[in-house]
Each structure stands twice: as structure tokens, then as C-alpha cells.
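In what follows, a structure is listed as C-alpha cells, so that the remarks can point back to it.
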């Protein structure tokens, strides 16, 4: 199983900050599609992904226990 | 991680950040303080809310410090970013960079704030009289069409 | 004159200078802090002494604030410079410039420190292990061969 | 009469920060020569002058009551 973290607009749209998902052996791109379908999260297309607190590309393949965060365009500072 | 890069739920203390980079070798300390502005493009902001992916944000702030050390040798950097609800004029971010000579302190400090806006997972929600919105991509230079920033932004 | 530009015999308080330029219209405050560095060109400094022609120095600091307001509209500037004996790491000068957007705050703050080194009657004496000397023309760009700086430096 | 102010190295060389001088109707250039002769202040050639707290050129003519400051190359900041 994998922990999925959502932030900012994604978090509000999904109505939760965190969820559990079986994503092992899926690519980040596939996980995005899955979430988009389940939660109507179109904004996930313009979000980055981070695996275990490091940015990861769409073809990164998820392993057991990985934490995947979806990061909308940032606006700190 | 270092204790010079942190996310805080409490008000930031400029002196505390400056103290972290003050040293005998430095003659210059540049500080950038980002505050909550009332008007953006004519629209009145009532308050802001900042959210962060805290552990990753602290790592990315520390990464910016490392990048600065590589680009400008003999610099020392500290960065604190606040999260939660902020009122107008409250401090959202404090960057302090100390260097032996002043030119580098300006360049490195400027680099830090630009990088924060690129790679650090922190988000701002603006509250106006007639609505609220999570602000994204405020640099307005990239829309992350590939779902992530370019490779060179992340390394 | 304004109370935002002053010469002080006491330790400078960064927060005090920043508070003078904090305002609802500003989203960015750049601060430059000049500290006493131990080594300059390999030579160890024990302490520094700053002297000023106080009333004229305060006028010239205020003039720099006016120049900044002309060059970068909607800026607010405060500058404090310390005089007397300073130890290594003590703060000699604090500049704070607030602007609506960050780029201007960096440029205006940089302008302020360069102008201080050109037109403000303040002098630094360095004390080393084997001597002492009043430092002059540390920009090393001009020797004032005509007995005064160029006209454009003074207006 | 006029008040003359000396700073930094000039002040140390002259052994005083302030002196009185009859400089009315003299140019700043002439005042400089006078002080150079009286106090061996060669450094005054590379100093600026300020009259009543404003920079003044060498051909500025001094009036009664003017305060003249000699300002070696500055080194604040």
C-alpha cells in the first residue's frame, strides 16, 4: 500500500489531505490517472509528484511503502 | 537536515534568522523579508493562508542553501517560512545570506527567493472580500505542462 | 530631516529599521546589514572606529532615500549607521527598503549601499595588530583628483 | 570668521577637529592652500569640501558665518 498526500487546491477538491492507495508497480503517470478518475482531480495534470519527499518524473515506478505527494504549482515566498 | 532552514507556524523573528548567518568572516548580510501585501493587481487581500508539505519544504530550503554555497563560495544561508493564517504586513518568509563581500550577498539572496518560488512545496491561499483561491505558479513563467518542473529546476 | 535616516552611537536594531518601512502596500523588504569583518585582504582587523560628520551624514542618508524614491516609485527606505568603536561582527549599517514587488527592493537596497560609500561623510579607521589607519576611497574607483567627487555623484 | 571642521585623517594630522579661520571672500581652493601651509595637510588636496553641510566646489566663495568641512574620501557602510 502507498500513502498519497494532497495539498492546496487538490486537497480541497478531494476533501482530504491523505489517502491510502495500492500503487505498487504503477507509474506516477498511472497513479495520476487513477486519482483523476476517482476524485475528478483534473488539476493533478498540472501538479508535480514527489516520492518520499523528492520530485519524481511521470515514469517513476512506485514501490511498496513509497509516499507519493502531489504538488500543485507552488506559491511560497 | 540543518536547523537553518525551517517552516514555522509562529511569527518569524528577523534577528533570529540573521543571527544564524552572522560570523567573523562575513562583512555583508543581505536579508529578504516577504510580507503580506494588501493589494495585488488592484484586488484587496484580507488575509492569507500558507500551507506546506513541511518535511519536504524544509529539505528543499536546505537544498537552496547548498546550491548557494556551490554558486557563491563562502556564503552562509538561513531561511524561515511561515505557514498558517497571516494578516496584512505579517512576515511570510525571511532569507538571510552572509558573505565576505556585499555583491554576492545580494545575488545569493535574490537567487534564494526565486528558487523558493520554483521548488519549495508551499502554497498560498488568498482571501478577498468576494472569494478565496489557492494561488499557483505566481511566477507566471511556467505552467508545468509536463506535470513537473524542468529537470534543471529540481537538481 | 526625516527620522528614518540616522547616525547612532549605540548598537543598531535591525527590527527597528525594518519596522520603519513596513507597510500594507509593500510585499517585499530588502535589508542590507554591514558587519565588521575580521579579515580584509588577509589582514586581521582587531576593531574598527567609525566617525561621521553627523548632521551632514544624516542629510545625505535622507538624500539617498529621496533618490531611491525617484528611481523606484513607491519605495520606502530607512538607513541607520553606527559610529564609535565596533568589534568584529558588530553591525555598522542597516538599510531597509520596502517595495510592492521584490525586484525593486533588491535594486534599491544595492543602490543605497553604493551611494553611502560615495557621498555620506562617514569614515572608518581599522585597527590591526601592528597599526591603525583611516580607510578612504574603499571603492577604489576614484581618488577625487579634483578635490571633490564628480558632479553626478553629488546631486 | 568661519568655522572649519576636519575629519578622520585630516583631524588627526591637524591635532584638532575644529578651528576658526577668517575665510570670508576666499574660495574653497584658497582656504585649502591656507590650511595646507599652516598644518602640513597635504591630504586636503584629495578631500572634498562642504559648506554648511552641502558639498561645494573649489571655486565656491566663502561668506561670513559659513561652516566649512573638509571631507577625506569617505569609507562608511
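First chain written, first letter: the chains are A, B, C and D, and each begins at residue 1.
In this text, a contact is a pair of C-beta atoms (placed from the backbone, for glycine too) under 8 Å apart; a residue touches a chain by one contact, two chains touch by 3 or more.
Worth saying up front: this structure is predicted, and the values here are computed from it rather than measured.
Q: When the C-alpha atoms of chain C and chain D are each averaged to a single point, how far apart are the two points in Å?
A: 24
Q: What whole-Å value do you get for the distance between chain B and chain D if each is reduced to the mean of its CA atoms?
A: 49
Q: Take the average of all CA coordinates in chain A, do the same for chain D, and state the distance between these two points in whole angstrom.
A: 72
Q: Residues of chain C that touch two or more other chains: which are they?
A: Counting only residues that touch two or more other chains, chain C contributes 34, 113.
Q: Among the residues of chain A, which ones contact at least 2 other chains?
A: Residues of chain A never touch two or more of the other chains.
Q: Touch graph across the chains, line, ring, star, complete or other?
A: line
Q: Chain pairs that touch, all of them, please.
A: All chain pairs meeting the touch criterion are A-B, B-C, C-D.
Q: Taking the touch rule as given, give the residues of chain D at its contact with chain C in the complex, in rising order.
A: Of all residues in chain D, those touching chain C are 5, 7-9, 11-12, 29, 32, 45-50, 53-58, 69, 71-77.
Q: Spell out the part of chain C that touches chain D in their complex, as residue ranges.
A: The contact residues of chain C facing chain D are 34, 50-53, 55-57, 59, 81, 92-93, 113, 116-125, 134-138, 142-149, 154.
Q: Within the complex, which stretch of chain C touches chain B?
A: Listed in rising order, the residues are 14-15, 18, 22-40, 88-89, 98, 100, 102, 105-106, 109-110, 113.
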